[in-house]
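Working notes, structure below.
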Amino acid sequence: MSKVNFKPLADRVLVEPAAAEEKTASGIIIPDTAKEKPQRGEIVAIGTGKKDEPINVKVGDQVLYGKYSGTEISIDGKEYLIMKESDIYGIV
Amino acid sequence: MSKVNFKPLADRVLVEPAAAEEKTASGIIIPDTAKEKPQRGEIVAIGTGKKDEPINVKVGDQVLYGKYSGTEISIDGKEYLIMKESDIYGIV
Amino acid sequence: MSKVNFKPLADRVLVEPAAAEEKTASGIIIPDTAKEKPQRGEIVAIGTGKKDEPINVKVGDQVLYGKYSGTEISIDGKEYLIMKESDIYGIV
Amino acid sequence: MSKVNFKPLADRVLVEPAAAEEKTASGIIIPDTAKEKPQRGEIVAIGTGKKDEPINVKVGDQVLYGKYSGTEISIDGKEYLIMKESDIYGIV
Amino acid sequence: MSKVNFKPLADRVLVEPAAAEEKTASGIIIPDTAKEKPQRGEIVAIGTGKKDEPINVKVGDQVLYGKYSGTEISIDGKEYLIMKESDIYGIV
Amino acid sequence: MSKVNFKPLADRVLVEPAAAEEKTASGIIIPDTAKEKPQRGEIVAIGTGKKDEPINVKVGDQVLYGKYSGTEISIDGKEYLIMKESDIYGIV
Amino acid sequence: MSKVNFKPLADRVLVEPAAAEEKTASGIIIPDTAKEKPQRGEIVAIGTGKKDEPINVKVGDQVLYGKYSGTEISIDGKEYLIMKESDIYGIV
């Protein structure tokens, strides 16, 4: 789990996307342009929630989210996704 | 009923779509391209509901839902639909 | 009244549309393509309502609804309309 | 006042539109195609209102409403308008 | 102040628009086609307000409103504007 | 501060826009067509606020607002902007 | 930290954007047209919050925000961004 110096506000969470798969199931190496954008990641920071709606995921949870969820932000040279907790489908 | 390692968040449910019918009523085999996308499935996992709105369906329920409801997600190599409980029309 | 094996969720109701009229008032047979889509039907199943908003129609009520209300679903080979109670104009 | 066999749901009311005027103020007969759609009618049936919002018009009230308010429905061969009470401007 | 036989519903008010100016400041007569649509009028009837939101203007108030506010209705052969109280900018 | 005979309703405020600058910082006279529409003005009248939401600005406050905020209205031959308090960014 | 003579209203905050980077990581000078619009800045003034929703950031916080968040305003010849607190992703 990576440690990150960032505190999301309200109902936002910071997600570190899983690395896109490098090989197909049968072992063929996938070129960069054909890699599928991953929809799975790990929660690395969470906000304090909104009034009466605490955050339900915790740091370290493996989560699935929508293909177009969140906004990419770069913190200390590394790419993360910041999204609302409601954009997360569930915990694996 | 299939067991799945996934915990939906809030008011979401995970649905395993019924297999599309392979034959017409009169026994003709339907090619893949002509198969109708099924609108029926089985609940395989449910969220904890929203504040004051518990989930009303339970794991194992056979449900009907809209043609374009939910988002396809792949868990352990199998396709499921994740949708909000409100996208479900009712229980068969 | 037809019996149907389906339990609508929340504020949804299941409606069995009245058969489109086969003849004009003066007795002329109407071809299928000219039949008007009926806007009248019978409630065959109701949901449990939403929090603090019980369902006001009951099974067996003859109702009028909008031309484009509801979604067609097929249950046991028969066509029904599933719609929200708020799509129903009133009881005849 | 006409009697009608229809019970609107919730905040809906059933309005019998006034007949379009047949003559101009100076007595010229207006052909059908030039008749203005009336914006005035009589309440013939009212719903039970919504939670905490009773219906304020009563059967027999002469009301004005918007040109495009309501939906035409036919009950026992006669044309009425079904609309939400909020579509009614006021009582004459 | 004109007397009018009309009772607006809820948060609606009936406004009698001020007559468009007939002359420019320097006395030139303005032809009908060049007259500006007035944005000023007098309240001639008010509704009873909505639950917990009484109407704040009173009959006789001179008010300003938006250029495209309200709907023209004709009562006893005279043109008025019916609008929501919230369409009124303020009292002159 | 100009005195104006106008009482805004609810959460509206009346703003007298600052005069557009006539010269650039270096003293060049700006022709009318090149003048920037000012985004700064002075509150000249305020409404009574909405239920539970009093108005926070006071008459005389210098405020900044969005380029396209408010509606121009003319009172006693002078141009003002009427806008909702929420269109105001802050007080200078 | 810069001091600014501006008091945002309600849930707005004033942000001083960080200067766009002048050089790439490897030391190449970036021309103005190729500079990325920064998404990082410092809170220089905060509003009083909305009813029951106090502002959670404080003056001096380094924050990240969306690429298109906020509106540029100029105060005392310097450019700032005014935005709603909800447009801020989190605190670095």
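Letters are used for the chains, namely A, B, C, D, E, F and G, taken in the order the chains are written, and counting of residues starts over at 1 for each.
Going forward, a residue touches a chain if its C-beta (ideal position, glycine included) is under 8 Å from a C-beta of that chain, and two chains touch if they have at least 3 such contacts.
All figures in this text were calculated on a predicted structure; none of them were measured in a lab.
Between subunit A and subunit D the centroid-to-centroid distance comes to 55 Å (mean Cα coordinates, whole Å).
If you average the Cα atoms of subunit B and of subunit C, the two centres end up 25 Å apart. Subunit B and subunit G have Cα centroids lying 44 Å from one another. Contacts with at least two other chains are made by no residue of subunit A.
In terms of inter-chain touching, the protein chains here make up one closed cycle, each touching precisely two others. Order of chains around the touching ring, counted from subunit B in the direction of subunit C, is B, C, D, E, F, G, A. If you check the complex, the residues on subunit E that touch subunit D are 5-10, 12, 14, 45, 47-48, 51, 71, 73, 75, 82. Within the complex formed with subunit A, the residues of subunit G that make contact are 39, 52-53, 56-57, 64, 66, 85-86, 88-92.
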